[in-house]
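Naming follows writing order (A, B, C and D), and every chain is counted from residue 1.
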Amino acid sequence: MLMELKTPLILVNLKTYNESLGDKAVKLAKIAEEVGESTGVCIGLAPQFSDLHRVATQSEVPVFAQHVDPVTPGRGTGSILVESVVEAGAVGTLLNHSERQLRLADLEASLIRAKDVGLKVCICSNNQLVSGAAAALGPDFIAVEPPELIGTGIPVSKTQPEVVTATVDTIRRINPKVIPLCGAGISTGEDVAAALKLGTQGVLLASGVTKAKNPQQVLEDMAKHAR
Amino acid sequence: MLMELKTPLILVNLKTYNESLGDKAVKLAKIAEEVGESTGVCIGLAPQFSDLHRVATQSEVPVFAQHVDPVTPGRGTGSILVESVVEAGAVGTLLNHSERQLRLADLEASLIRAKDVGLKVCICSNNQLVSGAAAALGPDFIAVEPPELIGTGIPVSKTQPEVVTATVDTIRRINPKVIPLCGAGISTGEDVAAALKLGTQGVLLASGVTKAKNPQQVLEDMAKHAR
Amino acid sequence: MLMELKTPLILVNLKTYNESLGDKAVKLAKIAEEVGESTGVCIGLAPQFSDLHRVATQSEVPVFAQHVDPVTPGRGTGSILVESVVEAGAVGTLLNHSERQLRLADLEASLIRAKDVGLKVCICSNNQLVSGAAAALGPDFIAVEPPELIGTGIPVSKTQPEVVTATVDTIRRINPKVIPLCGAGISTGEDVAAALKLGTQGVLLASGVTKAKNPQQVLEDMAKHAR
Amino acid sequence: MLMELKTPLILVNLKTYNESLGDKAVKLAKIAEEVGESTGVCIGLAPQFSDLHRVATQSEVPVFAQHVDPVTPGRGTGSILVESVVEAGAVGTLLNHSERQLRLADLEASLIRAKDVGLKVCICSNNQLVSGAAAALGPDFIAVEPPELIGTGIPVSKTQPEVVTATVDTIRRINPKVIPLCGAGISTGEDVAAALKLGTQGVLLASGVTKAKNPQQVLEDMAKHAR
């Protein structure tokens, strides 16, 4: 049975890491599923597009696309159609990750398209002001990630707590329905605890899990600190 | 003496029309200046980059750039540096016109850079939701322009009044300091009056003036209806 | 056994058509496989990313990605990693389709990355001059597609034969190893025959098959005219 | 009298450096003019767009735009119209600088537009293969600049001479009418001499002059070594 998408949320972006490609994505999903079941904490995965179907059909974790385009069915060679990721089994999508940024109007159009087909949307933002703009668009989640910390293992929740709290405040003021997540540099349970303490309701992370020697251990540590 | 930038504002985007290039941009600026002086209504001009200096030094109208990039001085071949448009005499800039859209993070960064050097910023948006996002960024103006009406002479203020009022409401709710403008299809004084009646404090237009047989007459008509 | 990629080649781009999504892509692949086997003509398919694995594992047709990015394994959220499409079973990729154009340096870098992992590459171009530039990069195939004819059913091979022959000549002069294909508006066997007569060694098409009432009939007609 | 555009060519890209903005661009142009006259070597300048008119009207040096867009007169807010840079006095343009890259089809379209209005075109490329593609498009000049060396003062002509000679060979093979230039890291007369010795007919440089304590001295040194 597909695990429910709920908070606190640990959302693992598999990016284009070799360590999380193909069968290795499926393996990570099974680990996430196991940890999720044993701890009761929701762990979602955002695999590469060509892995969406395999991960979604071979595990019970909530699967996110890493990006969708604002296209409608028809012409759109090379684009990511929202219908295609839903058909593959995804329940949500990231949008506007710092490595796949969107023009403002395309971000809004992609969000609308994603909602049309029932996808949950997590918009990524790089700072407080951009988070406010994203909140006005009405996504389900906003993950704030100062780009200079992405992939560093230096957690924003610890080194720039004021960025996180200011962002949470801005999001609440503009659109209290949006759930704030904390990204960038999250690699331990302690980082997760710090993120939640600052008012976010989950984390978006990547290398902290995908490049870990023991991803299960890391996810267990995170899930324990998330409860 | 440079005319004060105030509302109601008639902002004329010269785009890349042949009719408003080089000396013809200067001529249009002098017409705008004359109409502005005689009517007391502020008429601004957004010429092509290579015309900024000529228009700014040969007329008293407030000059806007059509776009600036989020670059800082240094590397940035082919980019529009905010310092360069200030040096050329501009007092403001458009950002995110539907013909020159920006990624959300670049839009925010361009806005911050423009403010750093004292430029007034008018963000263009294509609908209500995008206007809300733009408002959260805190520009001076937001011009809402349904792209399908741009250049048509079919005024949004008349055919889609509900889009304009909903946008004005959204902007006010998210950031009451931002001044809403109405764009797309504005070509007569009547269109301007309709736009102001819907709660905007001015208009952004292009072909309605640049391609008019008698731009002075059009601007006079608009200015009269704006008072 | 995977069918050999050989000329004459009929390459069907499934774009983001609803008619060729998910299981419907697999069904089309089985049709292509059958027609390919019965006629001896190679029919390749370029499904959406999330369908690559299913089509490649459930059929014997040569599978192409619709696009790949110039990224290396690692960071690259939302990008198409060449390793991911190979892992999913693709043997080739389109690049620079008019609906997914690449900057010149990224086109070259994507091509190099694709070759690194053994993918055959078909660069799409919009005219003779661009085809010459593409040929200099050394792809396996170049498909020339005047964008104004894409999706129209008006075959370039019939309405603009001189564009096709001039392009074939240019490609041969600059890089005789590159195989020219003909795209845009191809929807019948007659169009295919006309394309081959002009010196190309195959066709790239989409709606002619994906939106056909009877794709099998269309593919059979094309394959017969390709022999 | 406007100086003739001829080889050997020293083309100075003013980028968005503060040191070469506005009146400082004009001052640099006058220095370039003086050195050009005294040495007989052609020195061109590529100022920011808003400085084109001033530099072109207040000096005799050949002025290049840093970029032009493939737009035609009309809609194109924020774009660089070829007619506008000609009107401002430019005789040429850079295209596809590594800081302002173009999609292949847009590069071709921009080149065609530039030629339509009589602008000389210098396409920038990052390596041998991309230079070959650029040569197939038929510009007047190609400047090869390995991006990792741009702005470093480490001259490609000295550290990667094989890249330069291979590029010159490729350009000659594909389109012998195209004049190869050498960019990236050029900052002394010796670098210029090395570049010419490798078969190029000039250099494209930026910080080596714009950030020099004594630009006149640097340009004189370069011009002497260019003869």
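By definition in this document, a contact is a pair of C-beta atoms (placed from the backbone, for glycine too) under 8 Å apart; a residue touches a chain by one contact, two chains touch by 3 or more.
All figures in this text were calculated on a predicted structure; none of them were measured in a lab.
The most distant chain from chain C is B, comparing centres defined as mean Cα coordinates. Here the CA centre of chain C is 37 Å from the CA centre of chain D. Between chain A and chain C, the centres computed from C-alpha atoms are 33 Å apart. If you average the CA atoms of chain B and of chain C, the two centres end up 44 Å from each other. Shared interface positions of chain A, i.e. residues touching 2 or more other chains, are given as 98. Of all possible chain pairs, the ones that touch are A-B, A-C, B-D, C-D. Against chain B, in their complex, chain A makes its touches with residues 96, 98, 101-108, 112, 125-127, 129-130, 132-138, 170, 174.
On the side of chain A, the complex with chain C involves touching residues 13, 15-18, 21-22, 46, 48-54, 66-67, 71-81, 83-85, 87-88, 94, 97-100, 150-151, 206.
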